[in-house]
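There are two complexes below, and they share subunit A, which is joined by subunit B in the first and by subunit C in the second.
Right, the complex of A and B next:
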């Protein structure tokens, strides 16, 4: 367990900014308690400092997880966001997509979101922008990247993909072994 | 003398024959087989003594076969009402029989069984056959009765001889009918019946017909519940119980060791209920994750998906019981979003007993798959912190998954052997130890427990539990303002893993005391069990049973730690004891102690090899090294897989 290096921080924040933009500052400067990012076995954890201090007494081999895992660094040095961070990024998300009930299950099985399933979209979402996917009852289901800007989607066919799938909460079941 | 062996033989032989034919009503099947045997015995005796002394002989036989009277008397009092009058016991038993018929019956019996008497040594099949005929005959006779009467009235004038004959026939028919009726009646009057315990015949014990076995179980239970009156002769309670245990093992498929262990926890009929309840699955329950939603909202969302559910009970504000669901309850979007956790109702209990307060630091020693840990975090409202430990690395995966899914942000997951606490970190406000156990409370979930647990497993488990509970107690800080509590729980019902462990903890750690669990239902823990007597405060612990509370078998005990110092006992401070009482709350304390003992030992060493100073120096160094190593081993015991 160690703090992130400068390079790691840069890669990580670039990725994170795709979803929450400048709201990253809200994650770092919190009113209630000091929180920090810690790297442990390639994974980035977001955890309060008091918990982190206590967790230092746990050996490296025995420490499995602390706080909330945001994602992991791949072997090529890129950062990959995990669905586990959904709670936090949903809180600060800039662009959102709501999908209809009939589109929930296809998305939770790992499919991209097609236009027919879209219920609502945040206005003026640009192309290739990270978005949070919600159900119509405002339950965050996952996140993805838009294929077209909002204005462009209006002209598309109903079967065309609007949001590329990145992560969804179905992964808790599907990828329990590889995720953690 | 004649009666007893014949009856015994008959009983032993008859039931295996009868079992495959009509096994639905085992006990009743045995009964009619035995009656004629008793009759035969009596008749045989009567023949020998002559007709005049028939009654006496009958009486004598009756006395001889007192053990078997349960079966014999039906026949005896029907045929011999005078004898019946002489014997008080039978007067009360059956008052309705006709004296005249009885007198006639004597003749009739003598006639009828004259031939079959010779067959009395014949194998059981033959006897059974004759008996069946006998029964059928009775029924037929009953039907024909009216015809006979009719013919009687017509022909009565013609022939005196005929009349006498027909009268005799008539009476015989009547007697038969009455006998049949009496049989029917005994069928109804089960209460007066006694059950004959089968002998140690292999044929019976090998009988694998479950319905036969079940009937026998019921009979024995009935006898045991009213043992003084229902017992058969001189058979002891142990005879009955030995047979019952064998039958239960066969019927429910337990191994004998476990069966015996479980059987003695309950009164007899309750034990049967317990085994029966283990065959039925418990209702599916879910726990609302109060970090993300509320029970009312969750229930509404699930009802919209067509799930049929209800609150689990008054005792829980977060539990929901699921009756049926058109969608898999473990894969709904609500589940994936972490709004609820699939969790047995019983596993709410230890957390409710622990009652963590906000801003506390809590340790869950054996936490996978995280049902209880996440409940603790929900009660803490994501303040303070939860240390979720599990000894099995593979199981920590699902633990982490659940912690993340349910949105627990203050958890640290680690993979230690629980016995290494508080070496890793101590000073917790509360500790939950849901100890690894034999799982005898969750047999309905995992039936493999029935056969794969041996005496050795139980010994190993209870030893592990004792070690774990001591480290759990040591991990708690008694000075905590809000806490200082330890909850010990198992999903097992055996005393070895529950009361015994708690008692051990109370003995070894006089600085803890048991407090009320705060759960308003459940049975009190045993303060004594068979040969063991436990601390009286163990009545504050709680037991839960599948047949009583419709949740898994469970045990919860709550301790309060009074001081961090472990008071030493003055009398026996041997080496082992000392090892136990080393202050292991602080790693540094341990180190310093190691050095101290090291010092004293080197002093001894020096006195032996005083001359060679250099040697002493070397020895000291290696000694220190060795001790350090030993201590290191003590600190981190080998991981048991």
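Right, the complex of A and C next:
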């Protein structure tokens, strides 16, 4: 376990900013307790200071996980977000997509979101923008990246992909052992 | 017969050799057959009739250059009359950088410190024995170390049976060998000096045999490490040799995990965030939305 280097922080924030933009401030600077990001076995964890201090007494090999896993660094140095961080980024999401009940299942099985399944979209979402996907009852289901801007989707066919799948809560079952 | 009219008519066909209207006189570099005209270009005339204006200008300047050439001293021979051109005055920049000063040899350094100056001596010297001029050294030179003496006195305390000619030859061989060694040492030190920190060399630090050896050692160590990695398994399954070199990796340094307070880390994260997202975050005005709204109003 160690703090992130400057380069790692930069790549991490760049990915995170795609979803929540400047709201990363609220993750770093919280009212209740000091939270920090820690790297352990290529994974980035969002931990409160007290938990982090306690975790220092656990050996590197013995420490499985701590706090909330936000994602991991790939071997090529890119950052990949895990669905475990959904609760945090859903709070501060800038752009959202709501999907109809008949589209929930296909999405939770790891498929992209097609136009026919879309219930509502945040107005003026640009192309390739990170979005949070909600069910119509406002339950966050995962996140993805828009394939087209909102205005462009109007002209598209119902079967066209509108949001590329990035992560969904079905992964809690499918990738149970590597997720945390 | 009056030919003045004919001459005048003939003269009419050519332009005058005197050129007027130059505010700044031209600069000439006759060595390069060049004239520099620094007068401003008449823009109006240039725009009006470009070709004609340029033609006129170059004719005038060429005329001035020729006037200047005709004032030079001339010589005439079978090929005709020729002007003697002065040396060029225009300085051209050097194509290549100045050569770096060669590293001094040990003797050069010593001579400098002692103030010994190399004085030129004539190549040929008068030889009293033969009554001829002979080279100071080298082939058929006078410097034969007495090997041509027809008789040599045995020095006091020396073995009378020893061949003194042989002894002289031996001594000469030895001197040559010693000088060769010194030459080699100078070459090695010069090679190191070019690799050494240029600042240290400029300060007057000379490479000595110690850092010649350490540099060689470093080079050899590097080669050993490279060759160790050059096996099929990249050195992984080689039999370990006791006291063998271990490759030194790069030590990474991280911030302390549990600092006294995390405010410093937080501030660092904030500054990185500023760089990633921009100081003011997103634009205050959503331009797309604004355009759409104004369009809808119309």
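The working rule: the second predicted complex is superposed on the first by the 179 of 180 C-alpha atoms of A that agree within 3 Å, B and C clash if a C-alpha of one lies under 4 Å from a C-alpha of the other, contacts with A are read in each partner's own complex, and residues count from 1 in each chain.
Throughout what follows, contacts are C-beta pairs under 8 Å (C-beta built on N, C-alpha and C of every residue); 3 or more make two chains touch, one makes a residue touch a chain.
Since we're looking at a predicted model, the values are computed, not measured.
Undergrad: Using the overlay on subunit A, decide if subunit B and subunit C clash or can fit next to each other.
TA: fit
Undergrad: Between subunit B (first) and subunit C (second), which, if any, makes contact with A:68: first, second, both or neither?
TA: It touches subunit B, and subunit C stays clear.
Undergrad: With both complexes overlaid on chain A, does A:84 touch subunit B (first), subunit C (second), both or neither?
TA: A:84 sits against subunit B, while subunit C stays out of touch.
Undergrad: Classify the contacts of A:111 with the two partner chains as first (subunit B alone), second (subunit C alone), both, or neither.
TA: neither
Undergrad: Decide which partner touches more residues of subunit A, taking subunit B and subunit C as the two options.
TA: B
Undergrad: I'd like to know which partner A:17 touches here: subunit B for first, subunit C for second, both or neither.
TA: After superposing on A, A:17 lies in contact with subunit C but is clear of subunit B.
Undergrad: After lining up the shared chain so the two structures overlap, which partner does A:122 touch, if you call subunit B first and subunit C second: first, second, both or neither?
TA: In the superposition, A:122 touches no partner, neither subunit B nor subunit C.
Undergrad: Given the overlay on chain A, how many degrees, to the nearest 10, lie between subunit B and subunit C at the CA centre of subunit A?
TA: Here the answer is 130 degrees.
Undergrad: With the two structures placed on a shared chain A, what shortest C-alpha distance in Å links subunit B and subunit C?
TA: In the combined three-chain model, subunit B comes within 16 Å of subunit C at the C-alpha level.
Undergrad: Of the residues on subunit A, which ones does subunit B touch that subunit C also touches?
TA: none
Undergrad: Using the touch definition from the top, list the residues of subunit B that touch subunit A in their complex.
TA: That would be residues 301, 330-331, 333-334, 336-339, 361, 385, 387, 393, 396-401, 403-405, 407, 409-416, 424-425 of subunit B.
Undergrad: Give every residue of subunit C touching subunit A within the complex, in rising order.
TA: Those residues of subunit C that touch subunit A are 254-258, 262, 265-266, 268-270, 272-273, 275-277, 281-282, 286, 288-289, 292.
Undergrad: Going by the contact rule at the top, pick out the subunit A residues touching subunit C in the complex.
TA: 1-3, 5-6, 9-10, 13-14, 17, 21-22, 24-25, 28-29, 34, 36-38, 49, 52-53, 56, 123-124, 126
Undergrad: Name, in rising order, each residue of subunit A that touches subunit B in their complex.
TA: Against subunit B, subunit A makes touches at 47-48, 50-51, 54-55, 57-59, 61-69, 84, 87, 104-105, 108, 135, 137, 139-141, 169-170, 172-173, 176-177, 179-180.
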